[in-house]
């Protein structure tokens, strides 16, 4: 997936220069080698490098190649710091550095509810900074936030909140769902709303998806939470930040997909299933209801149980247990 | 349960005649023997036969008796087609035929958001085509759609969406719940909002029910999703399309009941339980929390676990496992 | 936790005297010994005794010490009745007595939607009887009910319902959540909205909490459902009535916590976990995803599975099962 978006569509950017970074990171700051007046425009991840941006790197990766020389790296890893030829800050607490810089660079809706320039149109609040195709139907009591794009022939039902999102063509989003709200991102050792890692990414729901009622799909931390073409989501489903679901997924009710999980094409997932974070699920995988998937799954896997295993073995184990025990 | 409803209360009907069906099914059409100008009024299921309607039959059933000669049968099953004396169409893809005909016969809210003739009354959007008893209390930011009936002394709290539903007397529906939205119905081999099987049934919540917050109860595909008298539903519960729950059920939070499950009287269901689709649960059944019920349960069963078994045996198996293993 | 609140901020109180109680309990009434015109002001629990109140006691407790002589005790337990020197009623059905008295003493929102004196301010309905600090940000389509307090710098996003609640400083509540609605309280033998045990307590969310989207946190029956400082709740979480969660909890998505569970400090809970009611969880406990916690857990426990056991043993059992069986 090589999707991109213009972050300034969604967030109100403040002006920040390298000399401001120096002030913000006062405690943490150790070294830097760049022009004080160089203007910081954005935050990058390793997946989407943006010009004049900052990237936060915690762990060393041999394959790390950051080619844009104007990217400033902030790290708590001395190895990266020493070996780098880039403009680099070494900090002691990278989570804190991220929070400070992002909160200074952007206004976001866990910091303050900024003025979205809403207009009340036909019973819903639509931001003047949104971009909604004239063929889109929107029900009552919806919120369509700053920067949101909704393409042709999509239907947004009632009481739906859509922020920080791009919605494709012919998408249906049912009542009381929340798209593009804050992901569950924070430092486990510093809990509380004060210490939230600001989430500044978006949700991209591709063409022809159907999203059920009372679902939550969280915006990515920096990049994109992605729902592929033709995906079918039932009700009360949770999709965490940075999840990527490929085309044609069918996901039954009350399933929860943890942060950064990647799911292949044509996957079918039974109700009330859950996924550990950061795992990869292959194409054509079938996951039975109530599964707890804890590991990567190769293409065409069919699994059940918790921890999820091949469904044939899961069934055999149940038969064996009942033979030995009580049924 | 012999409940019925007038579909045209809820949906805007278009005019469709047999000759139109011929055009719609052009590709699929094989044979028919009826007057071209015969007017199609509705869709039937095997449970509720309606006059001048179409019924879609996929599987053969020896007991099949369709007595109203004005019902047109559409099937992809040659056996039914050949043996029938009724007005019958044989199609190659029954899911596609259903979608085409229903989308031509009715406007529904996964196709376009039609004008419900809403009035903003005391902070909620109430359709002029709804029928709400004067003793009903409705909170703020609710949507009460076309055709909805709400009987005496019921309380609808805030931000509740009710569409395609009949609500009895003395019912309470708590905040942020969605009643009567689209069920999860589609052909597994054709995914995407474009291929949704239109859901044109309703939800019937009988007298004296209490529905918690942030629940979803989906309308039936053709007939009625039914919640019996005196049922108590906790929060974040999902009731899929065509579920039928008899009187006096008590269902704890985050339980999900899959499509077409039938539940007897006086049933108690613990939180986070799930049910396979199309199963039957007897009267007075007790289901422990976190159960996954995969099979029919006879009256007075008490079960736990996944797959759910008799709770005594479930407990014995746990004791045995711990004796043999680690506890 | 020694928190208290003034119930009359939240509920509209009617005037009730002992002689009225006599009439209300006509059927149940057996004995009493107090002034007919003594005015009843409130309902007490054993945890918060209130002046001129009624307390309902079902089970005998040796440590029971009710020192305020003006509290009237209603019980169905003859032992308490006989041994008591307090003003005591003996009733045959304590659930029914509770319902009758509370429904006569207070107007509550499962009985009728009373006039909350809402003002539509910037797209949300805010009760004139609420108390919201000027620094609080509130999104669109929210409901802030009678008596609700929200302290400085908190952010309430969109389509949020807050009733019967005190919200601390610097709290964030995300979209489509329901705070302070009715708990799941009723007599299992008398089901239906008519027989609901009225819930007249509140929710207290302490400073610096983050509550995700589409969560439900139910008001206590009589006292306080409490969420401690710095707690982080993900999306689609259910917190039942009378739950008390101490500071710094981190709770992942789709977890459900049953009524009256008490949770210690610094607890971490994986997604889709569930808890039996009325259990106590110690400090620093870690609960893996999809756990079903059925018993008290001591400080520093790390558990997994259902029923949840020490995570090391849970893993060993899985390895053993796979060694013996199929993996």
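Order of writing sets the chain letters: A, B and C. Residues in each chain are counted from 1.
The criterion applied here is as follows: a contact is a pair of C-beta atoms (placed from the backbone, for glycine too) under 8 Å apart; a residue touches a chain by one contact, two chains touch by 3 or more.
Treat the numbers as computed from the prediction; the structure is a model and nothing was measured.
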{"item": "Angle of the C-alpha superposing rotation, chain A to chain C, to the nearest 5 degrees", "value": "120"}
{"item": "Same-site or different-site touching of chain B by its copy chain C, using the half cut", "value": "different"}
{"item": "Chain centre separation in whole Å, for chain C relative to chain B (CA means)", "value": "33"}
{"item": "Chain A: positions in contact with at least two other chains", "value": "141, 159, 176, 214, 236, 254, 272"}
{"item": "Residues of chain C that touch chain B when the two form their complex", "value": "109-110, 112-113, 118, 120, 125, 141, 143, 159, 161, 163, 176-178, 181-182, 184, 186, 188, 191-194, 196, 214-216, 218, 236, 238, 240, 254, 256, 258, 272, 274, 276, 292, 306-307, 309-310, 312-314, 316-317, 320"}
{"item": "Residue ranges of chain A touching chain B (in the complex, touch as defined)", "value": "123, 137-141, 155, 157-159, 170-172, 174-176, 208-210, 212-214, 229-232, 234-236, 248-250, 252-254, 268, 271-272, 289-290, 318, 321-322, 324-327"}
